[in-house]
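In the two complexes that follow, subunit A is the common piece, with subunit B as its partner first and subunit C second.
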Partner chain A sequence: MFDLDFSVIPANSSLLWEGMKMTFLLTGLAIVGGIVLGTFLALLRIAKVPVLAQIAAAYVNFFRSLPLILVIFWLFFLVPLILGRPVGAFSSVLVAFIMFEAAYYSEIIRAGINSVRPGQLAAARAIGLTYGQSMRYIVLPQAFRAMTPILLTQAIILFQDTSLVYVVGLRDFLVSAEIVANRDQKLVEMFLFVAVVYFTFCFVASMGVRFLQKRLAT
Partner chain B sequence: MNYNWDWGVLLRDPYLGWIIEGLGWTLAISLLAWIIAFSLGSALGVFRTASSPVLRALATTYVEIFRNIPLLVQLFLWYFVFPELLPEDWSRWVKRDMPFPALTTAVVAIGLYTASRVCEQVRSGIEAVGPGQRQAGRAIGMTEVQVYRYILLPNAYRIIIPPLTSEFLTIFKQSSLALTIGVVELTAMTRQIEEYTFQGFEAFTAATIVYSLVTFTVMAIMRQVDRRTALPGTFSKGAA
Partner chain C sequence: MIEMKSVNKWYGKTFQVLKDCSLSVAKGEVIVVCGPSGSGKSTLIKTVNGLEPINSGEITVAGTSITAKSTNLDRMRSKIGMVFQNFELFPHMNVTENIKLGQIKVLGRRPAEAETKALALLDRVGLAEQASKYPSQLSGGQQQRVAIARGLAMEPMAMLFDEPTSALDPEMINEVLDVMVGLAKDGMTMMVVTHEMGFARKVADRVVFMDHGEIVEDATSTDFFGSPRSERAQEFLSKILNH
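Let's look at the complex of A and B:
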């Protein structure tokens, strides 16, 4: 029962490392894409252009009401259909993550922009900057500084969420570990290992966020 | 885009029945997991703010472990690993004789995971009530248990209705993870309809609408509850 054999891990380290690289790549691209699209959505909502603000709000509320797995299935089905040719799981999954995470990032960024005092925008406009310039040089830099800890926390959540690519079989860390687990009949060892690895990354990262939060607060 | 539309597929036998059955499983997982998450999460939230350092450390450890491992990995741990670590008789029971093994595992895994999130909401609610109320309670001779029972928790719950609502909705969405261990809930049912009929557009649209409708309905109801139970003098939306 307890005769666990962890030698299966070093024996398959290159396969597992390939999977981990996929997890990191997906996380990194989804964070960048999610923040860019999320900032765009947040700016639309704040700019108070009536129809656009409502569309952005509807987008955010809509995506936040859906399970990530359903969004992954949607894009897995839609992207090849729209392009008219089969594409790998990676591109459709990446689009799914960017569209889904943008809804959450947009709410964080909107709160960050709102936390910048309105006098800042008024002052920027008063010295002759355009609305776009004021946002670009005055409001957004302060907003991003204030919300860095929350953005990083969301990044940790996203890192965990990428494990859901399991449902379309993309070879991330979890799927690679599962392949090894089934092939070598080492389910217990492999899943314990996966849990420990995820825990270590996320725990260390969340400690880092807490440290940063304290430094920003003073 | 080359696609044969057939919205009628959603109303045809057996697919309509599948969607309804799937929604039933989704709601069953969500509600049962919420019972675990809410009761355990509340207890942990109390522990995390209690005066005993042992209880505080216990709750903190629980939260750190459960929120730093992806839910999907936790689900696999409960389903594939946990039974192997038990004595043989128990292991057999968990794997085979237990009623609805996959469903039960999903409920437990999602419930225990969300308990760590509920704990943090309850903790922030208790902290929002403020130390003055706790001290006042102790000063008039209440025990710590009484202070929690009659002062801190009733106030804290009323403050955290909005975040608790979104935790419930998170469970509702995350119940879809149960499909990875073979529970055919709403998302899995629509995937199955796609695979049987190739009408992915219609099938996923149906799931999308159902998830959104349930989410917006729950939000509308809880907004009313929040308004009714708002604490006077707080910034809750309903407080007038």
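Let's look at the complex of A and C:
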């Protein structure tokens, strides 16, 4: 039973690599999209326009109260119904991730913005920068610098969460490995391999977070 | 240059920080605003460039209303320099970049031109050597001098100083005051919130004394230090000068 044969991995390397690329692509795009939308939501929440702040708060609370997998299902099954045409697994999943992650990113970014001394905004406005310029050149760069470790932590969680795309049949790394595992009857080898890969990436990234935290603390 | 008429400001509904404050600063004049902490002097100076909005009254700078909705406040602010108690240099930019940012983004100067201007101003405040350092590598006094250079880079028609030496170690106060004295001698219009009575005596044309949000006394510095009319100003001076 424990007669393991890992030759199945190199034999299927191109299929597995395709899956890995999908996982990376999803993670990367979801991080970028999530941070962009999250920054926008965070700026709305701190804006002195109560209606906008409330809309943004409602959005954040709504998505934080739902399981991710449900959001993935919704966008996959409901959006085609609303639009009247199929949208494709990749785009629906990507939109789901961005919308879901943005809720978390916006909270991180809001905390980051609040950690910048109010005097910085006052000084920026005092030299004549507009509110938007002050945010862009003065407040956000400082906020993101302070937030880098926690943003990276969130990215690690996202990297792991992308494996949920198996529910809509998208071939990410995990799904590719599962296909190989079932077809070649190498369940133990493949799932061990998948675990090692996920662990390695996340562990290295976590070390990176700790390194950044130490560097920023000094 | 700066005209304030019956300025009132409330925090919330109950606490009035500024009570019917009227004040005028002529071109080239140096005004020192002093008073006990919590008297509203910092709030008053921040209303001049609209960083603190007011509830009623009128403020004009060089004939342009700060309070009118039609005023481009960002544009006005760029013409009024401000120096803060805690320096508020931008920590993610080096000294030169701090001084260049407003010139490039607000005045539309070319980077090379802004750089020349920045270096000249650093030289003027005695910090030419520190051009490529970051704010955290400088002493408090040096940071405040950079902040003054940052304000001057916009070629302002007036400069506001909000307790510019209160956060400094005693041995660094003079290097900042020296720069300010130089500015005053060059004819800059200045409004300075400070407890530095030596500075007030030496360079201020007028001293404004505030207490509980009111302007209690507005006198020439000779009169103010010679014979303050109000009891509250006398009491304040005796506390602050008695050592």
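Definition applied: the second predicted complex is superposed on the first by the 216 of 218 C-alpha atoms of A that agree within 3 Å, B and C clash if a C-alpha of one lies under 4 Å from a C-alpha of the other, contacts with A are read in each partner's own complex, and residues count from 1 in each chain.
Going forward, contacts are C-beta pairs under 8 Å (C-beta built on N, C-alpha and C of every residue); 3 or more make two chains touch, one makes a residue touch a chain.
Keep in mind that this is a model prediction, so the values were computed, not measured.
A.B. asks: Are subunit B and subunit C a fit on subunit A, or do they clash, once the structures share the same frame?
C.D. replies: They fit: once the shared chain is superposed, the two partners occupy separate space.
A.B. asks: Who does A:Leu164 touch here: subunit B (first), subunit C (second), both, or neither?
C.D. replies: So A:Leu164 only meets subunit B here.
A.B. asks: Which partner does A:Phe191 contact after superposing on A: first (subunit B), second (subunit C), both, neither?
C.D. replies: It touches subunit B, and subunit C stays clear.
A.B. asks: Spot which of subunit B and subunit C makes contact with more residues of subunit A, would you?
C.D. replies: B
A.B. asks: After the superposition on chain A, what angle is formed at the C-alpha centre of subunit A by the C-alpha centres of subunit B and subunit C, rounded to the nearest 10 degrees?
C.D. replies: 110
A.B. asks: Which of the two partners, first being subunit B and second being subunit C, lies in contact with A:Ser115: first, second, both, or neither?
C.D. replies: Neither partner.
A.B. asks: Scan A:Pro67 for contacts with subunit B and subunit C and give back first, second, both or neither.
C.D. replies: Only subunit B is touched by A:Pro67; subunit C is not.
A.B. asks: What is the contact status of A:Arg125 with respect to subunit B (first) and subunit C (second): first, second, both, or neither?
C.D. replies: second
A.B. asks: Per the contact definition in the header, classify A:Asn182: touching subunit B only (first), subunit C only (second), both, or neither.
C.D. replies: A:Asn182: touches no partner chain.
A.B. asks: How far apart, in whole Å, are the nearest Cα atoms of subunit B and subunit C in the superposition?
C.D. replies: Minimum over all C-alpha pairs: 22 Å.
A.B. asks: Just to be sure I follow: which residues of subunit A are touched by subunit B in one complex and then by subunit C in the other one?
C.D. replies: Looking at subunit A, the two contact sets are disjoint.
A.B. asks: Which residues of subunit C touch subunit A once you look at their complex with the stated criterion?
C.D. replies: Interface residues on the subunit C side: 46, 49, 51, 74-75, 77-82, 84, 86, 88-92, 101-102, 105-106, 147, 150-151, 154.
A.B. asks: Under the definition above, what is the set of subunit B residues touching subunit A in their complex?
C.D. replies: 1-3, 64-65, 67-74, 76-77, 80-81, 84-85, 87-88, 169, 173-177, 179-180, 187, 190-191, 194, 200-201, 204, 207-208, 211-212, 215-216
A.B. asks: Where on subunit A is subunit B touching in the complex?
C.D. replies: Residues 1-2, 62, 64-70, 73-74, 77-78, 81-82, 84, 160-161, 163-164, 166-167, 174, 178, 187-188, 191-192, 194-195, 198-199, 202-203, 206 of subunit A touch subunit B in their complex.
A.B. asks: Would you mind writing out the residues of subunit A in touch with subunit C in their complex?
C.D. replies: Listed in rising order, the residues of subunit A that touch subunit C are 117, 119-120, 122-130, 133, 137-138, 141-142, 145.
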